[in-house]
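You will see two complexes here that share chain A, one where it goes with chain B and one where it goes with chain C.
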Partner chain A sequence: MRTQNATAYRFLTPYLLIFAIFWIWPIISSFIISFQATRTVPWRFAPAFNWGRLIGDPAFYNALKNTLLILVIQVPVMIALAIVMAVLLNSPLLKARGLYRFAFFAPVVVGEVAYSAVFRLMFSLDFGIVNKLLDSIGLPKVDWFSNVTPAMALIMIAVTWRWAGYNAIIILAGLQSIPEDVYEAATLDRVSRVKQFFHITLPLLKPVIVFCAVLSIIGTMQLFTEPFLITERGGPGGGTETLGLLLYRQGFRSLNFGYASAVAYTMAGLAITITLVQLWLMREPK
Partner chain B sequence: MAAVTLTNVVKRFGSFEVVHGANIDIADGEFVVFVGPSGCGKSTLLRMIAGLEDISGGDIAIGGKVMNDVEAADRGIAMVFQSYALYPHMTVEQNLSFGLRMNGNPKADTDRRVKRAAEILRIDELMQRRPKQLSGGQRQRVAIGRAIVREPQVFLFDEPLSNLDAELRVQMRVEISRLHKELGVTMIYVTHDQTEAMTLADRIVVLKAGNVEQIGAPLDLYDDPANRFVAGFIGSPKMNFLSAKVVDTSNSAAIIELVNHGGARLRKPLRDAFPAIGAEIVLGVRPEHFFEAGEGDCDIPVKADVAEHLGSVSYVYANSGPEELIVEREASRQRASGDHFTVSIKAERSLLFDKAGARIR
Partner chain C sequence: MTSRSQTRLGRSILLHLFLTPLALIWLFPLWMMVVFSTMPDNGIFSPSIELLPHDGFIDNFNNLQRDTNFVGAIGISVSVAVTYTVLSVLLTSMAGWALARYEFHGKGAVVAIIFGTITLPYAVVLIPQFIMVARDFALANTWIALIVPPLFNSLGVLFMRQAFSMMPAELFDAARVEGVKEWRIFLFVALPLARPMLAALAIILFLASWNNYLWPLLINSQPGAMTAPVALGTLIGLTKVSWGGIMAGAVMLTVPMLIVFVLLQRHFIAGIAAGAVK
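Coming up: the complex of A and B.
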């Protein structure tokens, strides 16, 4: 048995080496860097330099506030929407189910730059179809890119458009694993469709919903593409800057690797904490 | 409590008809078992009675009221599913009370019903457990309990024991029988297991390919089957069928020749019909109706192929020409494989069927 294990590890060695160099080492290295002042040559150990700055940095709090705001509003809305989409997709009345399933999943496949460009066009003040529609029903045009609230809303709409279908497909798989005869038993018990949804479907979907929520929380904590490309690097005036964007700005624009590492560890720490709290709240009763 | 009447009930899935005009009368308080091979329409029939499947034609009445367009929940029935269909996220107590709670039934009455069901099924100690913490037999009890709390007029069971092991199945069979006596309500039970049907039923409905083949008390079906299918389906091990030919008819009897057994002949008295001379027919003999050489009306020599010794009886799988016969023997008269011996058939303990399978009496 031991010989077998040794042989297996020998086969695994190339992968493990690459994994150690390109995954494990950067994780450890950035942790070390976060305790170093990296704007001096040579870098020097200064624990309070980055972490101390983080605690007092208004840009960090702005990015944190924006990220958490998107998390708190967008994730629940998207998950709720995904559940509704999954239930509709699962309906026996639905025709051309395969087509809808593909359509809902398609946004994930579309290139990020392409979809961001289309969103910028659609929400453009003068040429965008969204403002034209608002105009046609007598509502005032919205300057999506120049005001903070519409810009945040735009980010949330874009992220929801991109990921709701993806989550719906995962939830659909969960829905299809609920046996039909459980619903038949409830029908014989004179339990209405609505009550069946709230008392049977939702509780049985809980593990899948938690899974989707955890994925979404991690994704939102790292949110970068949409504020970078759609609202032009967290504009207007940092109004949509997220932690991911702050990290990028510090690390790759200002080349302040130590501070960027501290931000990265804060993001990871927050994602883990929020996820653990959520798993604890949604735990199965004994 | 209520009688259940099916009149010319038809079920079609698209253009495919799966139940072809079933007529069944089930008396108030009766225990009726629908039995038949897979795909014979027995579960579909049960689900139509429950209201889980639409009826394509005919009428289903419960307690004298036609239920074709009545919602499943309003038919006064309760159903026990093959897979138990328990709510996995609820405790046993919640499973039992769920339907009542959702319908605003007074708490005191709900508690009374749940307590009664728990006592009847002896599941009091399991009330706070979840289905995944229960054994198969316990889950089945909870599923039955959920039916009991509804206090229905008719209980429907859809192959409730097929997921249990052999020992537990026997135990639950007895429980269900006891439950029927205790509650005294009408029960309709679907199974493909003829042993369950024989042991539980007041009357059995034998189905094949969407047709009712015969309805009757278990022993009536066993002793006097209407056709070859029923004769073969009811009884374990199944009836032996020997190819035969009519060689003469005279004096209210037919002389038949067993074509695969060296031309052995048997005189079979007949009451109603006389097949033509030369007609190909089938002689049915149950394993326990083979007698010792010389004791019957026709002897056939056979060679024991395999012998199964069950203790009280032994079954000898005997080869004689192209037909394999199953012969029941008392344990003391057991045969070892390879033995040559002679069995004897008595005319009055055998049945005749025509080539199409209809009984010739």
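Coming up: the complex of A and C.
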């Protein structure tokens, strides 16, 4: 095909301009800013200023630890739940499929602020419906907001509620692209349903599951709104502070752009590592 | 009854016994949002268990409107989401069209840069975007600040590139032979053919803009310029605030989207699933 430079760039340029100004340049700029001392006017180049501080900052390690803890627990639980939802929603035995789909997929359209408000109210100590229900069946009330462990659990519950259905939609699409005859052959050979799931379904779903995991890890890594609104600015006492929240406090409360950029690039480093792991997991077998 | 259909029945009962409680738990927060939005604050903060709606929604809405100009904020949110969606669909489908249908210098580089940076966290660009829009362009608390920077989102490019590249080339070549201009082929042949994909994309983008929180929180923090989620967020955590009112606001943000979701479920699901199916 002959080249069509002029025509192609007429279609491309409007988007590429926006993409360059608001995505590519900020990626570069953020990297440069992380090597600058930004609380003096004018900003000056000081390579170790922010990164040196980051390495020795207990607040950074606290946020990193919390973020990784949420990642390591919440993402696998949610993905497992999403697989269960998708497999069961796909069952030919299911009646009133539309209602179940609505129940699991509806959170996908709910905004972070709206659901944060509801969760805050549902889990409050004395008048929260969750504690009232626990109390009514004889279980002790949980102080979800004053202790670190329940507060972290609450954040994970909230995020799982919001995103499990989203992942289930993607996994369900993956399930539906598996050809029927694979199972028919296995059924003829008297392979049990459970074995079919572990030996046929899961291996065939691997690319989709890895995709969901990467998407979820990168999303959870930037967790901001839930600890900001549900547990009130990462409370109790920084117990639910995440990297996203640290970036917000440093960048937009203390207006320390250099340090916040170093935090942002730490997140980018994690994301790049995870993406490389994904590529390695998905490599073509030789 | 054969034993085969008996095991089928048994499995079906087990399936529903497991899935029904899970579905009820999943619906519970949404149900309670509606219930809370209809209760006075002394009802929300009472020791009794209330699981059914009352009739106080209007009172709660009035309390909300007293705490913050929520109607105004909804107006901003709707206008921003509509404008953003139209612009983003247009820009990204043009770019997707070029990448799917033309050979040109630098094509490989453009694709590599878009794909190569897609998994970078949004947090990375937050600070430079803020400095640029608020300080360099002095556009904080304007509509432009809410609409234009998020247009960088490359989802639509990937989405529409895929849609256009799956169309048979003969469709467009026939028009070219007759001398139809390229932009007319794009507008009047390609776009109408891509209608289902455009619908799915538009829904996903509208929802993203409607629910967007962090960027509007940072850039439009003045009361008259806030979007609805930001306005609602400022009330959470205040001491003298109507929680029934906050819940009424949450319902107003959520229920319209739920209705759209039910009506356009197919497109919604197509939009989300498309990310995974390569």
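Going forward, the second predicted complex is superposed on the first by the 275 of 286 C-alpha atoms of A that agree within 3 Å, B and C clash if a C-alpha of one lies under 4 Å from a C-alpha of the other, contacts with A are read in each partner's own complex, and residues count from 1 in each chain.
Heads up, the rule we're going with is that a contact is a pair of C-beta atoms (placed from the backbone, for glycine too) under 8 Å apart; a residue touches a chain by one contact, two chains touch by 3 or more.
Remember, it's a predicted structure, so these values are computed and weren't measured experimentally.
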- Query: In the superposed model on chain A, is it clash or fit for chain B and chain C?
  - Reply: fit
- Query: Should A:12 be classified as contacting the first partner (chain B), the second (chain C), both, or neither?
  - Reply: second
- Message: If we overlay the two complexes on their shared chain A, which of chain B and chain C does A:214 touch? Say first, second, both or neither.
- Response: second
- Does chain A have more residues touched by chain B or by chain C? C
- Message: Let me test your reading of the model: by the given contact rule, A:204 touches which partner, first (chain B), second (chain C), both or neither?
- Response: first
- For A:118, select first, second, both or neither according to whether it touches chain B, chain C, the two together, or no partner. second
- Task: After the superposition, just quote the angle formed at chain A by chain B and chain C, using C-alpha centres and rounding to the nearest 10°.
- Result: 80
- Query: chain B to chain C: minimum CA distance in the overlay, Å?
  - Reply: 6
- Task: Jot down the residues of chain A that show up as touching in both complexes, chain B in one and chain C in the other.
- Result: none
- Footprint of chain B on chain A - complex, ascending: 179, 181-182, 184-192, 195, 199-200, 203-204, 206
- Residue positions on chain C within touch of chain A in the complex are 8, 11-12, 15-16, 18-19, 22-24, 26-27, 29-30, 32-33, 36, 44-47, 49, 51, 91-92, 94-95, 97-99, 102-105, 107, 110, 113-114, 117, 119-132, 148-152, 154, 157, 182-183, 186, 207, 210-211, 213-214, 218, 229-230, 232-233, 236-237, 243, 246-247, 249-251, 253-254, 257-258, 260-262, 265, 268-269, 272-273, 275-277
- Message: For the complex, give me every residue of chain B touching chain A.
- Response: 50-52, 71-74, 77-79, 81-83, 85-89, 98-99, 102-103, 146, 150
- Note on the structure: Per the touch rule above, chain A residues touching chain C in the complex are 1-5, 7-12, 14-16, 18-19, 21-27, 29-30, 33, 85, 88, 91, 93-95, 99-122, 126-127, 129, 132-133, 136, 161, 165-166, 169-170, 172-174, 177, 208, 211-212, 214-215, 218, 221-222, 224-225, 229, 232, 243-244, 247-248, 251-252, 257, 260-261, 264-265, 267-268, 271-272, 274-275
